[in-house]
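Each in structure tokens, the structures are laid out below.
Two complexes are shown next, each including subunit A; its partner changes from subunit B in the first to subunit C in the second.
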Partner chain A sequence: MKLEKGELSSTQLMFLVAGFIQGSLLTLSFSKEVVKHDIWIAAIASFLLNLPLAFVYLTLALKFPGQNLIQINDNIFGPYLGKLVSLQYICLFFMIIAANLWFVGDFIITFFMPETPILVVMIMFTFICAWAVRAGIEVFARMSFLLVLMTSLTALITFALLLKDTKFSYFLPIFEVPIYDFLHGTHILMAIPFNEVFVFTMVIPYVNKLKQVKSSVLYGLIIGGITFLIVVIRNTAVLGPISNIVTSPSMETVRLIDIGKIISRLEAIVAIAFLVTMFLKVAVFYYATVLGIAQLLKLRSYVPLVIPIGILGIIIALSYESSIQFIYTATNTYPIFSLPFYVVLPVLSLLIAKLRKLPKQKERKAQ
Partner chain B sequence: MIFLLMSVFIIIVLFEAPNLVRNKHWRELVVFSILLLLAFTLALLQTYGVRIPNPGKLIDFLVRDLLHLNYE
Partner chain C sequence: MKRQRIRSSIREYSRLVIICSILILGTTGCWNRRELPDLAIVVGVGLDKVEDEEVTDKLELTAQIVKTSEMKSGNKGGGNSEAYWNAKNTGNSIFATIRGFTHQASRKLYWPHNQVIIFGRDLAKKGIQEYLDFFVRDQETRLGVWILVADDKASEILEVRPSLEKTPAISLDHLLEAQVATSQTSAIKLNEFVNRLLSKTTAPIAAMVKISSQGSEKSLLVTGTAVFKADKLIGELNITETLGLLWIINEVKSGIIDVECPESNGKVSLEIIRAKSKVTPEIIENKVHFKVEIEEESNIGSQSCSDNLEHLDAIEKLEEAQIAAIESEVRAALSKAKRLNADVFGFGDILHQKLPSEWKEMESMWDEVFPTIEVEVSVDTNVRRSGSSRKAVGQKEE
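For the complex of A and B:
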């Protein structure tokens, strides 16, 4: 019994990956505090370091065509250990949903609606995500093209409008930060947007042409990475040393746009454009969690689980206390915590699959 | 507050459950009820002011206090 009836084309997958990476544009400040103005090198380094890992994820997903992460785990680790591994992944995805919901709520109440309770923002955001997930992966994948276009254009246009304020001498002492801090910043950038591409092992089985999956994920990563680079360069070149202190460098940068006193105060538009891809990211994680639970418990449909998981996500998100605690976790402990999920387990599964020669047996069974 | 919470959950049940019963998706109904019950309990506790355990703190405890692997 197939849980998902929709199908993706490879172009839609490409834009979904791009939007997914762009969804982390607002969380760039985590790494910014550590690597300071060298963040553009860290962004390039994390992108390049992520490529072999992305290759591992894709090989794993394509080794078992038509099976998602839960089924792959069942095949590789056996029915009991596999269920345990899958449960850990579902918990990780669920925690990422809660963290992102809290981040969105905190962002909105910090910059736009300081008097509004954070719960209201979270409920509205979750409602949209739940609606999209209920409609199925095909719907928000089809929409992703527009959203990615919106975010990329916003990044480019704000860069163009700020060209007169840029000062490239802010970059100048290259590699001023110690190598330890540089590795730390690169690791944060890897853990928060780039390695999260792993979640697409839940989506790839529903792509119609499996041959083009590799190239479309790669192009998506490149689009996302270039947007990252543009935003990072813009923030550093405009703000300079201030950008290491402020809460959200993107917002502060865009606030400076002032063309003849007519085009000014554009930050609301930019915030919308960035939140829109954040929605895409949360929706993908939401979908992966719900589909994972449905697959784990062998249900016939994942739709009834969407609303309970959304409510649970809001409840867990409300248990965050302050943005300081959130940023501490995201910069200092989360990268280490996510290492086994994004690096150790996928490589280990691929090795075990190679050693046990698994896909061949599966084909015989299927025939 | 509690009345509001209960009415929201009742609306969700009325929105979701009839379809499941009509299609005889009993297994889905059980999982749905368990998850919704869990959510209701946690939300009720939260309205009474009980602190729900936070995953961020859990990660902090695991990585910093147990394994001592965190970045400075």
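For the complex of A and C:
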């Protein structure tokens, strides 16, 4: 029984990972508040710190070829404990969907349609994601190249248009932030988005050439990381200290583009470019959630789950009370909350797999 | 079989059409639909203190709204009708005052095209931070808007009918953009103003706008710099001091320097074509020293005497005179800023950026330190070209 019939090529996986990372460009402001103008160091640090963890995730996924996270958990923790661990992961992915839905709604309402109910924005966004997930991983993985191209080009072009407004003295003094705040900011950036790459343990089994998985995930991370760095440097160099007090530094930065009164007011294009990769990110989590539930409940197909999970996601998203509460959760609660999922459990799983000498030879033959 | 295939393709297409139409309906954002005829487009805003003695701390807000029907290029000069309307409202807080306009304007104010924010002198003296917050926070307003301080009342500035542009606010926008050619005022936008306000030491600056009247003809004059301490207006710099300030903060793009002719009476006007400055802090024997290095290039723009400038000695003399002129401007700005005890140059921030550990000791007492700092000015200039004539027009053959 195979729930997913599609197959990914390694290039598609690379762009999917890159788009997945770029999907968090708008949430950069969480960390910005904490580390101020040293955010570029935090971005590099979180990227580098994430690499060993990504290596752990990949080793775990490749140890059990053709098995996704749910099956791996069954193998490592046994059928009962494994199911419990899987259930927790599914809940985490589901909560991330809800948080992202709220973020998209909040963003659109803050900047473009202040009087529209947040529900409308959420429904539209969920609808697109649900459509993509129903079509299968192969479909939106194939799309990812175009979306990543769009976001990367937008980041580069806006940087070029703003070069005349940049002031690199805003980066001085380098590393002024207290070490505790720096760790905090780096941790936020690790939790959103670099560690989230863990969700790809649900996708990797469907890549056709397993040998190239490691390099394509790495390249994807590098593309995403470079886009991050470009955007972070652009925002700080153009805005300066004011970027620490605005809601979305990226939006305020591109609002300042004014080339001869003709090329100006580009923020809508930029917002769209950043939201399409956000769509990619939510779609991957969405896919992981429904696939996980279907596997847990031994369903024949995950398609009937797509719409109900979307509706539930919207309902959970609506339970956020305010953007202030949301940002507080994202900066203070969530990074700590996600530690066991992204650091403790994966490392533990790998250790147990090593100790129990999994996968057993017999199982490997059965694959 | 065939019929079945057709039917399934019809079903597929109709599904696509339905989905597409749902998506299209959603993208217009029905709740926030606002058509052009329903908008009152604000191009400039003036904030004043109400002069009524009995009601204290009340804000008078003047919003300059364009009349879109009068903006058409066809009826230029025809009739007395102005292309703008200055709506006024008073209130206690800025947001309430702005919302209050719905009582008198038939349309809701629309802010994205706002070009200037003008503060009246009295209001600026009392502090403007509470009014700036709205312009940063609201989603319609933008950070790329000019900040100005009126010599008297802001509402009067917005009433001066410009002779070239259609509305005073747009005329001010063009004026400030043209300031690059003379460097006589500190044209500053909201984001930079807020950056200076957020800094612990740097004093915010803004351009000053005055009304100059020649007979019955009134026109706007943007000249000089308003100096704030925290968010309160404390003084202003005249043209010379402003130029000195701009030299230090590396904002001089162009301008004219008049120097004496080397041999006879008269002036040579030098046009600045390139200028660059660099400030480096140093701490010598527990005293803060700043080194300001200015590099400048200029062309000869005009000469009123008939000296021959076409030899090396004359050029050298011009350069020396130019150095002296720039230095005196910088000195004037420095002494004025020290007298006001306002760090308009951002020296505190430069110290913070370059010598962070020394800065920590000085941070809290910068107000005492700033008037005592020593500034070393070194200017390097080059007169590059002489334009399309090489000798003076009136020069006799020798």
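In this section, the second predicted complex is superposed on the first by the 362 of 367 C-alpha atoms of A that agree within 3 Å, B and C clash if a C-alpha of one lies under 4 Å from a C-alpha of the other, contacts with A are read in each partner's own complex, and residues count from 1 in each chain.
To be clear about the criterion, contacts are C-beta pairs under 8 Å (C-beta built on N, C-alpha and C of every residue); 3 or more make two chains touch, one makes a residue touch a chain.
Fair warning: this is a prediction, and the values are worked out from it, not measured in the lab.
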Is A:V344 in contact with subunit B, with subunit C, with both, or with neither (first, second, both, neither)?
-> neither
So, does A:L84 touch the first partner subunit B, the second partner subunit C, both, or neither?
-> neither
Partner chain(s) touched by A:L163 [first = subunit B, second = subunit C, both, neither] | neither
After lining up the shared chain so the two structures overlap, which partner does A:A268 touch, if you call subunit B first and subunit C second: first, second, both or neither?
-> neither
Per the overlay, which chain contacts more subunit A residues, subunit B or subunit C?
-> B
Once the shared chain is lined up, is A:L299 touching subunit B (first), subunit C (second), both, or neither of them?
-> first
Figure out whether A:S319 sits in contact with subunit B (first) or subunit C (second), or with both, or with neither.
-> first
For subunit A, what residues appear in both contact lists, the one with subunit B and the one with subunit C?
-> none
Mind pulling up the subunit A residues that touch subunit C in the complex?
-> 110-117, 120, 124, 131, 169, 172-173, 176, 239-242, 244-246, 252, 255-256, 258, 265
Under the touch definition given earlier, write down the residues of subunit C that touch subunit A in their complex.
-> 19, 23, 26, 29-32, 112, 136, 139, 142-144, 191-192, 194-195, 198-199, 350, 352-354, 356
The answer for subunit B against subunit A in the complex is residues 12, 15-16, 19-20, 25, 27-29, 31-32, 35-36, 38-39, 42-43, 46, 51-57, 59-60, 62-64, 67, 69-72
Using the touch definition up top, name the residues of subunit A that touch subunit B in the complex.
-> 34, 95, 98-99, 184, 187, 293, 297-301, 304-305, 307-309, 311-312, 315-316, 318-321, 325-326, 328-329, 331-337
